[in-house]
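Shared chain: subunit A. Partners: subunit B in the first complex, subunit C in the second.
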Partner chain A sequence: MTNRKLLSEAKLWLVAIPVLLWTLIPIYHIFLFSISTKDSAFSGRLWPDHPTLRNFGTVFRQEHFYLHHFWSQIWNSLWIAVATGMITLTVATCAAFAISRLKVKGGRTVMNAALFTYFIPAAFLAVPMYKAMGTYGLLNSRWSLVLAMVTLASPYAIWVLKQASDKLPWELDEAARIDGATPAQLFRLVYLPLMVPSLVAIFTYALLLAWNEYLYAFLLLSHENTIPLAVGLGHFLASDDSPWEILMATALIYGLPPVAIYYAFRGYMVGGLTSGAVKA
Partner chain B sequence: MASVSFSRIEKSFGATKVLHGISLDIADGEFMVLVGPSGCGKSTLLRMLAGLEDIGAGEIAIDGRVVNELDSKDRDIAMVFQSYALYPHMTVRDNMGFSLKLRKENRRKIAEGVSRAAKILNLDPYLDRYPRELSGGQRQRVAMGRAIVRDPKVFLFDEPLSNLDAKLRVAMRAEIKALHQRLKTTTVYVTHDQVEAMTMADRIAVMNEGRIEQLGEPLELYDRPDNLFVAQFIGSPAMNVFEGVYSNGMVQALGAYWPCEVKAQEGQRVAYGIRPEHLTLKEGGITAQIEVVEPMGAETETLVKVGGQNLTMMTHGRSKVGPGERVFLAPQPAQVHLFDAASGRRIG
Partner chain C sequence: MSAIALPREAPAGTPRKGLSTWQVWGLLLLAPYVLVFLVFVLYPVTYGLWLARNPESYRTLFEDPIFFTSVLNTIFFLLVAVNLKFLLALYLSGFFVHERRWIRWLSVIFIIPWAAPAIPTIFSIRFMLNPEWGVVNSVLFRWFQIDGPNWLTDPQLAMAMAMLVHIWKALPFWTLILMAGRLAIPKELYEAASVDGASGWQKFKYVTWPSMRTLYITSTLLSLIWTLGDFNSVYLLTGGQPADKTHVLATLGIRYIRLDQLDHAMATIVVALPFVLPLVYFMMKRLSGDEQKTSQ
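Coming up: the complex of A and B.
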């Protein structure tokens, strides 16, 4: 290995190691707390004297005051995330097809206007969103959060899918038209199958965005039976004497589905979300 | 099968007019080649016939029926694209049967159609493969198969061989020609390659800057080009052309007198055209210097310099002269083409 290569590798490690530690230390902390007893959680040791899985049992059996709705809250999280993923995917796919393949007049303007909304911080939009949901009587319904998340996820989703769909050869549409395909058949039989990697990536993106959401969930949902687990976790911090070991065990459980989803679709995520980043 | 008729077709992209009133009649079962340089409007004309491009002005008729307002699918045409345009997620069988599936034909009929086309093109062993598993030539055959399955009135080919290597192009050229002779379907074929045009066409329309420069049978275009553009576009190597002044049955140019049988006006400025194979070496001819000798086996292409201009000469067999040697050129007067230097139109 030449000196230059060594130097460049060393620089890479110099950045990678702090980033890795920065990411892993909190996760290790969560794990450490979740397998510790209440007494030893704050002992400052790197490994507990008597590691235990009892905290997880407490969570699954909903045996703590803050966890009486654990299963319904995790179900809410899942329901909201999947609904957000599905609706975002439907909206963005149709929009990208219309803008990119059907060349609908004004389509690009609409997309650019949608992207422009990202200049407005989400926190600014929270109050108007709350007001709008109140007007339509959706407050405290899971749909309010789903609709809010679809609003936030759609512009980026449309943009990514539009870029990916621009890369499909135009001749395929023309060949399909000559073969007798209507726009709907073109969409279903040619466009969707070719867009699968990007569609999976966008579905995963919207799903994870909704799964991880706290601010809007906290604002739009307040009933114990409608809130997602992210908000439920926040309730742990309501008292001075929080059960940290149970909070962390719950957090660890809550963090596992995104890891599994990301792992399952990692190929699509990298390929799909970066597709269209540069013009091929 | 059907006739195709273009009548005063015009097309503009923004302020740029790309077709200037094209009129062209293609007979039932004819193999018509539209040839011309990039940007001459040949592909646009084909795409208008396919219904992929709006018609600015004029009428297009297939089998006597005006199709201007008809969707592509209702024109009863099939098109083969330069990039094959095969559906990457479908097998060869599904690609070829796609149009029949859209027409809601029953499975037996689709299978029969695909099988018939596959037999014609020797695609049987590849029916369950995906396009990515095929070579360029095989893909192009699948694209043709997809067109055959539709059993259309007119085949449209848009530079179908441009993506293939030279050897495969020659082979596919023969296959397309054989296919046309077998199916006798009216065919409109677009290419920028004049060799393809010459070898495949029943008639050729040479296009330039949105106009048809000349329409005719291949050898007619070769032997009697209407103008300088066609003269230089058709033929490989291209015709030698240089300007001079006509005087008493000769053209004075490049510091020499060049013989010709065609009569022009005394003192008229003309372009003197002679094909490379009509230039021979003969004692007492026009003095020239050999620049490059390119032996090609059966023939030899020789680049000679006369009066500062390079001319190409094509001779049968092997060359006995080498670079730097002085030789004497003898053009065959009966084979000389004269064009008016100002208008570029043929004289005589």
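Coming up: the complex of A and C.
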């Protein structure tokens, strides 16, 4: 390598190392705490003297005051995430098909309404939504969070699916119509099979959005039996002497699945989602 | 009932008379989302605005010193965090477009803050910043014999830390977006610039920036709206403490809900609407405009 090349390579590393540290330190901090015993957790070492998995045992056996409902909370998180994913997928796929392929009257207005919902900050919508859920008598039911998350996830889902759907060739629809296909047949036999990659991306998007949600979850659900793990984790902050090592072990268990799912479906997400997020 | 009856009124093959079968199907398939929108967006928002019609709630809101602090915090948060985040994203997008295998791996790691849920990572940062036991202050003491500051109990410092958390979490996403913008620039333009002897800065100024300007500005405006709704970075880090001095409008609205003052919560949001709605309108125009272009 010439000196010049070496210099430009060194410049790249000069950016890379701070970026790597900046990204990983808070994450490594979670991991480090979760495998440390209570007294060694605060020693400030990069690796504990006696790494242990005991904290995870404490969590799984629900042996701490904050964790008495750990398994039911994780079940609620899963239930809410899967329900949100499925309902969002159904609602958005139908709407995108109607707007993009059937060119339904009023489709444009509905698309605009969806975009409006997408752009309004979620924390602002939370206030009227909370009041409405109270009126509907849904507060403290897991359905309130599912429906709220469907409301938040659908607009972007419809937008992305519509973009993908617009790219399908019109000849397919025309051929199907000439062959006398009904709209249902076009939807089931032509549209759905061609849209599979986008559908996977949208399901994953809604699933992760619901699993990761904190604000709506803690506003809408407060009952021990209905709260998801995100809200359960928030309870750790109720007192100053929270057991950090156990909190971090729980946080790791909560945070790993969405990250794993994200990476598993990244191929779908990158093409399907980031490109649609902001149009140049 | 009507779902079964309607197609009979307009049998297939007579598209001009009333609604065609295809239009009926379209309406039926659109109905679930329309229902979701009416029940969970339109009705709540209308009802909320109706709740916020009383001038009295604005008077008491404006008299609340916490409200005033929160507005200042919000403005400061938006100006500093969003701009800093985008300057960093612009710079890093230029780094990540280098074609190296290890840089591609680094970009995979770099996404984690965005992919991971907010609670674990923000709590982790909160603990790192704890003045007594946190790793930041213990490192400061061990390496430099300095007593670190009270990161989260000094309101100004706490707001700065909340901005840092926001940037940590949102930076990867916007870097990716700007990266896509950079990758869309034809390589020939850079080659031509190199032939003309352009420096790195000149390449940025005359090639990169002109083609990325629209994307950069649109993204910044979108991020401005979303950052306004960033509840997690502030609430999970400081909880509005100390003495409710680190609220932004997003957390203040929720605080009023917890205090059972729904009219104040709504009023807090209505106050921000003159700022939010033009931005939302602009973004909708942009996306609809693109839509027309692609469908033609």
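Definition applied: the second predicted complex is superposed on the first by the 251 of 280 C-alpha atoms of A that agree within 3 Å, B and C clash if a C-alpha of one lies under 4 Å from a C-alpha of the other, contacts with A are read in each partner's own complex, and residues count from 1 in each chain.
We adopt the following convention: contacts are C-beta pairs under 8 Å (C-beta built on N, C-alpha and C of every residue); 3 or more make two chains touch, one makes a residue touch a chain.
The structure displayed is predicted, hence computed values, not measured ones.
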Partner chain in contact with A:Ala164 - subunit B first, subunit C second, else both or neither: neither
Residue contacts on subunit A - larger count, subunit B or subunit C: C
Which superposed partner A:Ala210 touches (first subunit B, second subunit C, both, neither): neither
Subunit B contact footprint on subunit A (complex, rising order): 169, 171-172, 174-181, 185, 189-190, 193-194
Complex contact set, residues of subunit A against subunit C: 12, 15-16, 19-20, 22-27, 29-30, 33, 42, 44, 90-92, 94-95, 97-99, 102-108, 110-117, 119-132, 135-136, 147-148, 150-151, 154, 158-159, 163, 166, 182-184, 187, 208, 211-212, 214-215, 219, 230, 233-234, 236-237, 244, 247-248, 251-252, 254-255, 258-259, 262-263, 274-275, 277-280
Contact set on subunit C toward subunit A in their complex: 12, 21-23, 25-30, 32-34, 36-37, 39-45, 47-48, 51, 92, 95, 98, 100, 102-103, 106, 108-113, 115-121, 123-125, 127-128, 133, 135, 138-139, 142, 168, 172-173, 176-177, 180-181, 184, 214-215, 218-219, 222, 225-226, 228-232, 235-236, 239, 250-251, 253-254, 257, 262, 265-266, 268-269, 272, 276, 279-280, 283-284, 286-288, 290-291, 294-295
Subunit A-touching residues of subunit B, taken from the complex the two chains share: 50-52, 71-73, 77-79, 81, 83, 85-89, 98-99, 102-103, 146, 150
